[in-house]
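Letters A, B, C and D name the chains as they come in the text, with residue numbers starting at 1 for each one.
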Amino acid sequence: MSDFHYESSRTGLFLVDPYNDFLSDGGKLWPMVKDVADEVSLLDHLRSIVLAARGASIKVFFVPHRRWEVGDYEDWDHPNPSQRWVQERQVFAKGTWGGEWHPDFMPQADDIVVKEHWAQSGFANTDLDFQLKQHGVTHVVAVGMLANSCIESTMELGYHVTLVRDATAAFSQEHMHAAHDLNGPTFAHAILTTRELLAALPPTVG
Amino acid sequence: MSDFHYESSRTGLFLVDPYNDFLSDGGKLWPMVKDVADEVSLLDHLRSIVLAARGASIKVFFVPHRRWEVGDYEDWDHPNPSQRWVQERQVFAKGTWGGEWHPDFMPQADDIVVKEHWAQSGFANTDLDFQLKQHGVTHVVAVGMLANSCIESTMELGYHVTLVRDATAAFSQEHMHAAHDLNGPTFAHAILTTRELLAALPPTVG
Amino acid sequence: MSDFHYESSRTGLFLVDPYNDFLSDGGKLWPMVKDVADEVSLLDHLRSIVLAARGASIKVFFVPHRRWEVGDYEDWDHPNPSQRWVQERQVFAKGTWGGEWHPDFMPQADDIVVKEHWAQSGFANTDLDFQLKQHGVTHVVAVGMLANSCIESTMELGYHVTLVRDATAAFSQEHMHAAHDLNGPTFAHAILTTRELLAALPPTVG
Amino acid sequence: MSDFHYESSRTGLFLVDPYNDFLSDGGKLWPMVKDVADEVSLLDHLRSIVLAARGASIKVFFVPHRRWEVGDYEDWDHPNPSQRWVQERQVFAKGTWGGEWHPDFMPQADDIVVKEHWAQSGFANTDLDFQLKQHGVTHVVAVGMLANSCIESTMELGYHVTLVRDATAAFSQEHMHAAHDLNGPTFAHAILTTRELLAALPPTVG
């Protein structure tokens, strides 16, 4: 990958589920991902990548899971296990701190906040694909949560996909391994470290 | 799962990529999946399940990967690693034995042969979702190849999904573990053995 | 159509864009649709249909256009003419009366409010298809605004579609004619009057 | 539109349903569209546009309706009126002359033949969107059959859309009027004559 460089005008950064419940001390899911997140220096890497992307005029897309609301899933024919799990714990509950963005990852004026997704793919049932087209994006770099679910499924629609090994986390290192060494290589066009990604992004403008 | 039963009129069986290249001695991919396939008795289980499904009047959907043709991927902006791999090896090549159905898994008159898919999901860029609706299917049972790719991505569209541990294979047992124990549990509504599935299908009619 | 009856459990009512800007005196678009709306008794018919649907336990889906917000469309590569038109007039502006539901058509506890759509189809870039599946709906009855745009495009996904001639409106009778006599007959499974629809719905329960 | 020019690398030409059944003397649908087709000089215009597009290195996409086969639609829950109509007449029947391309519109080596569509949109249930992305196309020019159906629905996915008034036909001039003067203006970014389009295409290379 040493000779690959991302073009600002064609590249989009997906920031997946940067909610307090996932990324902040006190969040409902934080205890389950903290070990892996700390080990890869997740928060530092996310901050560096977002800063570099903004500096290079790369569009940032917030790709958020559905914020739980009263009634969600209750009359569904067949919510899946993740959805039942979210329902029981009221994860990312709307109007609560857990469903707010982590304070270091707040949308800025030029960012795109995509519609919330119900399952694991940020594309399914949202305007993500449409927004990428309206902004000329063909290459996506996906960071955030979780390595083995939300991010893995963003590949079927014809985009160039980059995963970043140490800018995501999971419930265990075994999940990380499955995402980056077993499944990722079948669909991702690049699987980089944060350091490698930063080297391949255009320099900060101005 | 002991008390769950599939309703014939709402259930569809996905038979994913039952090509000679995948399932037959002499196929281009068979050497890479043979160990796992033999270990789980893949072919016997596929035969039992297809027989039971037909007997119970459950609709069978053939979900095939793109058969390679001359020119495929050549002028694409960014084929992914699996696509480049298929391109180099001319896997499932149209008009060759490897791109034909395994002789035990030939479409019958009432089966649906879905359009070929380019990536890993049988839904993306095909008429699978549309055909399921026109046939009233809300619950899908996915068997065939590969555990960790084609099958994993068939979940985002609102269907009830069943995986069958020993009616699929992969390049290694580690891939099987990732599919059925790490990722499957997040999206699949049921993960069964062939024996458990057969017990939950309606009995053969007439 | 005299012998066709809708089954409550399989039917969904789409209420398309019931905003004040479209349906209320003082709304930004009301002057442009008022003549046709009055001529077909639009509001009375919408009220009757919604009442009958709720009475018959038919699920009601609110299918709303994007509410305009500051910044919308500004950095898009190519908004279409309707989108530019909406942008200039700030139609359905978020946080304003025009972007609120008409008081006679407020979502009730059991209704589904689908994600807002950017273009003309309520399906594109939203969770409408997904919600229909989770609620077992295969037959949709579409009412609301506008006859010739939002409603015409809801057909490609495999649903049974009913249009209601006098429960929609348009900028002119010529647009109504195009929707119901030229284009509708190519894709809609039924094109009824409100009276015919009411006769084909299940009776009010309890 | 006089100052708009199409860029070869971003533009795709959709040639919709150029079957003998639609465009050739003796075709099953030709008698129904002949009057309008002759009046607008359809075939001459299609030939000019395809020639100019190829000369300018604009990618040509064949966007074909499903070729009828034995069994089609028979066990569907609810084929729509167009589909029943096609079924009765066996329109574009596979293996027959009517389902072959008109001899002046045969795919060339570099063209893309998209998967066949079941309904009216060339995007629904096909790989058209995916192919456009893999070829970097953001602007589409749609010509062929029919003005009021197949072409009207190709707009929801975020592309820049051009219609060509006299490079399509319909069952009547009233249908043409609806397509180009009532509905087209709401979603199409440009509605041109063949002459205007040819002036806006890049010159033939070499």
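The rule we apply is simple: a contact is a pair of C-beta atoms (placed from the backbone, for glycine too) under 8 Å apart; a residue touches a chain by one contact, two chains touch by 3 or more.
Worth saying up front: this structure is predicted, and the values here are computed from it rather than measured.
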item: Pair sharing more residue contacts (C-beta pairs) when A-D is set against C-D; value: C-D
item: Centroid-based (C-alpha) most distant chain relative to chain D; value: A
item: Computed distance of Cα centres, chain D from chain C, in Å; value: 28
item: Euclidean distance of C-alpha centroids - chain A vs chain D, Å; value: 38
item: Shared interface positions of chain D, touching two or more other chains; value: 77-78, 124-125, 129-130, 133-134, 136, 138, 157, 159
item: Contact set on chain B toward chain A in their complex; value: 77-78, 80-82, 119-121, 123-125, 138-139, 148-149, 152-153, 155-157, 159-161, 174-175, 178, 182-183, 185-189
item: For the chain A and chain D complex, residues of the former touching the latter; value: 129-134, 136, 138, 157-159
item: Contact set on chain A toward chain C in their complex; value: 71, 75-79, 109-110, 115-116, 118, 124-127, 129-130, 133-136
